[in-house]
Amino acid sequence: MSVEVNNPARSLEPGGAASFRPALEWLARRAEPVVVGLAAIVTGLALFSIFILAIGKSPVALFQIMYTGGFGSWFSIQNSLSRAAPLLLTALCVALPARLGLVIIGGEGALVLGGVAAAAIATPLTGILPPYPTLIGMALAAMVVGGLWIGAVGFLRHYRGVNETISSLLLSYIAIALMNQLVEGPLRDPASLNKPSTLALPADYMIGAIPGMDVHWGLVIAVLACILSYVLIEATRFGFAARMAGGNVRAAQIQGLPVGRLIVGFTAIAGSFAGLAGMLEVAAVQGSANASLAAGYGYTGILVAFLARHNPLAIILIAILLGGLEASGGLIQRRMGLPDATVVALQGTLFIVILFCETFYGRFKVFNPDLWKGSVK
Amino acid sequence: MMTNRFSMNRRQFLQTSAVGLAASAVPGLMGSTAFAQEALTIGFIYVGPKDDYGYNQAHAEGAAVIKAMPGITLVEEENVPETVDVQKTMESMINLDGASLIFPTSFGYFDPHMLAMAAKYPDTQFRHCGGLWQEGKHPANTGSYFGYIHQGQYLNGIAAGHASKSKKIGFVAAKPIPQVLQNVNAFLLGARSVDPAITCQVIFTGEWSLAIKEAEATNALVDQGVDVITCHVDSPKVVVETAAGRGAFVCGYHANQSPLAPEKYLTGAEWAWGKVYTDFITKAQAGEKLANFVRGGLKDGFVKMSPLGPGVPEAGRKAFEAAHAEAMTGKLSVFKGPLKDNKGNAVIPADKAYAEDAIDLESMAYLVEGVVGSTS
Amino acid sequence: MSETDIGLWGVPLAIIAGAIRVSTPFIFVSLGEAITERSGRINLGLEGTLVFGAMTAYAVAVLTGSPWLGVLAAMAAGSVFGLIHGFICRFPRVNDIAIGIAMMQFGLGFAFFLGKPFIQPSAPKLPSIPLGNWSSYPQVQAALNINVLFFIGFLLALFLTWAFRNTRPGLILRVVGDSTDAARAMGINPDRVRLLATALGGALAAVGGAYLSLYYPGSWNEGISSGQGLMAVALVIFARWNPINCFLAALLFGGTGALGPALQSVGVTQGYYLFYAAPYVLTLAILIGTSSPNRALSGAPGELSLTK
């Protein structure tokens, strides 16, 4: 980590070239996360190289393969984007409540039950409705179920004082058990022999790919959800109140903010996004609800949200980065003969360094125009 | 660019085939020189770790057999979930590695994942383990293979029937799906061929790999007086070690687990995928059309039995060997009437006997009379 | 055979036996995490430490033939994990929860990678004490064949409860956990206390892993843990940072976890997924029943980011 970056402010005399200054300030503030983030990634990769050298493999080959597999071709980029799609929504399930100071780790449960709800309601709907209204019905059902599931966590937290981290984790295990019971019991399609599943969605009801791409529309929906969440947090009174309450619940209550409604509202919205992720898995990938819904997207979403510092726009970037890492993981296995664990270890190393580097935010003068020479405070 | 790549692949494939044909005409010439120039890239996809002492390891060992064949480049990926991930893995193998034949080895890869990729890449061949490929319904460049491993569980049951003193045997199962139910039923029927009073207690763990629950299930079975246990989970190591630790006999599954419990291991139903994969690859190299629906049992070398352990009494040894010999003729019928399920409904009429390759068996949805357990 | 046929008694027996067999990893991880959280830090990554500990213990036991050396090696590895977490989290703006999640990946990845050569070999197991020889029932004998680590966990819970209240290190730990400023005013270095508390937490979590791989279920593979480490961290909040409660919560969790297989073994075979969810449902029910909005988290260390 080097501090020796040219300080653009040095060339500026107080008051002189004032027309450049706002642009430079804007750039400096925006550059900080990019520079720190990239430096962290480079450092993490360098550290992991030591390990790769120690096991007698070439780090250069590893990084080449990572690039090829994750972002090196149009196919690889689409591969990364496909893997990122569900992570966007499950990360929102963590990031939104985090604005209120809540640590929710049970998005997996809302996703799984959202998927089951979508599949369950699809069966009667496909008989009477064309594809689009059916899909909207499925999305609504999934969002309601997911919203209730995580909303209940918020409710318990505020009105019963139940810790949201543990209750959301417990509820996610309960949700997976419910899903299995439903999928192998009352909702099972008898024709789903060796992989118990609900009745399959007819092919013409499935969500298709974005034109010109091999990525389903779920990605667009998820990106929209991130943008919406960003607006909600940054530009609405609801979001402002949430940030206030997240800073200090007692102070917010004294100010007359409806903390209870905020908590239940935010957790419910968060859960509905995770539920929507489940619906997209059913309607765009699996075609039915089954045990594959519990693929760990909910848990990976926690990591994405924390890496993105709970910023919905940063979630988009981080999720794509993670999608790229996972996409390249397969190629690392195949080309280098390394086990899947290598990729997990690499992710761990990288994330520890990235999270550690958060400590450098605000430490470098160059990124903080308030500290520049001649700044009027 | 992409299309170029595929047509090149097809051309390569044809060249390989031509060489293969020529070589097979002159068997003496078959060898590294003939095949080294033309590579056939084969992809294997596993749902769990390659070394799980069970399901995935059995496939990986089969893959290792063909890796040694000349002209074969093997690409393998483990821990691939049954989500969009497996679709992308298949595509990546095709696009980035030039794989022309892919073996997705987990049941859940079949529908929709492999079918979607097969439609998208008609020049690539896909052969799936366990699926029920149907002509007209599924793409021609796909297919499925599986083995009549329930025969192995029937033979396990014979050994168990002779070794059991409590007349209660047990089965630790993952999920109530046809492949598992066949095995549970066959295990009991094998034991009942020894003594019709034997019952089999089944415990479903609900997951393919869940060590603690498998250990708890094994303990619960032994607590109820069960003295021979087998299983159908991805990694039987825990069940074998726990059962033997409690003093119960065990029958193995997927692979030979006798080193884990040499004294208590009776026998085991093992996969022999190396033979299956070798057959496919030999055909591919020879340019022949790959079969779409491949099944086989003990006779065909798809399935084999672990050597009998010291716990099998002499009478059991004889009965086992007799049934094994019958299976080796392909005439062994495990499921024959009259047979009731454990709710009292007749499921196979008195005059009916299913041959080993009867397709109806692959949609079995009941537990037979004498099995204590429920399918949901 | 009928004299050893215990029929429906198998269910309560399985619950007791399961509580003893299954609880030990929960006990160690939650006690370790209780120490860490009492210092005002949370280490959500103990699942990774647990699995890395399981691998280390198994590998060392295979190589040396001594399961106890395996446990010691696991403790050493676990404390290194704790030290890494503790060291990184002392820097400003670093989020301990996030680092924990990353450490989980880190631990799992390296455990699976380094553990590959040890999946096939068998390791010597940790010894157990046969306390059931008075009974003529083999089931009771098996249930009361109790591993030494279980007793160590029990004694540790008692000791920690006492030590938190009555010893100087216990007092320092609590002061640091409740207020960094107060600790500094007393001349205590909060970062060093938290570093040591996290290292100790890691070492204990790794013992939990050693129990998994060297005793029950007693093998090493990538599926050895099914989230015990994560769940145990949650149980600490459930137990309100009280070591004895951690022990009891672990027993409850282990016992109800045995319900699913036990009920099936006596013929209650329908709806087993729901029985398998029993530990989670019961924990949640108790949590809701014992919580109250007014005394939201009595006993919570004031500096804990999770409950702020």
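Descriptive notes on the structure:
Labels for the chains are A, B and C, by order of writing; each one numbers its residues from 1.
We adopt the following convention: contacts are C-beta pairs under 8 Å (C-beta built on N, C-alpha and C of every residue); 3 or more make two chains touch, one makes a residue touch a chain.
On a predicted model such as this, the values are computed, not experimentally measured, just so you know.
Farthest chain from chain A, judged by C-alpha centroids: B.
Here A-B and A-C were compared by C-beta pairs in contact; the pair with more is A-C. Averaged Cα coordinates give chain A a centre that lies 38 Å from the centre of chain B. In terms of their C-alpha centroids, the spacing between chain A and chain C amounts to 29 Å.
Counting partner chains per residue, chain C shows two or more touched chains at residues 112, 116, 222, 271, 273, 276. Residue positions 49, 206, 376 of chain B are each in touch with at least two other chains. The set of chain A residues that touch two or more partner chains comprises 180, 184-185, 339-340.
Against chain B, in their complex, chain C makes its touches with residues 1, 4-6, 10, 13-14, 17-18, 21-22, 112, 116, 119-120, 122, 138-139, 142-143, 212, 216-219, 221-226, 228, 257-258, 260-262, 264-267, 269-273, 276. The touching residues of chain B, when paired with chain C in their complex, are 48-49, 51-53, 165-167, 201-206, 209-217, 219-225, 234-235, 237-238, 241-242, 245-247, 259-260, 372-374, 376. Touching chain A in their complex are the following residues of chain B: 2, 49-50, 75-85, 88-89, 91-93, 95-97, 107-108, 110-112, 130, 132, 175-179, 206, 362-363, 365, 376.
Residues of chain A that touch chain B in their complex: 68-69, 73, 75-76, 79, 82-83, 180, 184-185, 188, 190, 193-196, 281, 285-287, 290-292, 295-296, 326-327, 330-331, 333-335, 339-340. Of all residues in chain A, only 101, 103, 156, 158-163, 165-167, 169-171, 173-174, 177-178, 180-181, 184-185, 302-303, 306-307, 339-349, 351-352, 354-356, 358-359, 361-362 touch chain C in the complex they form.
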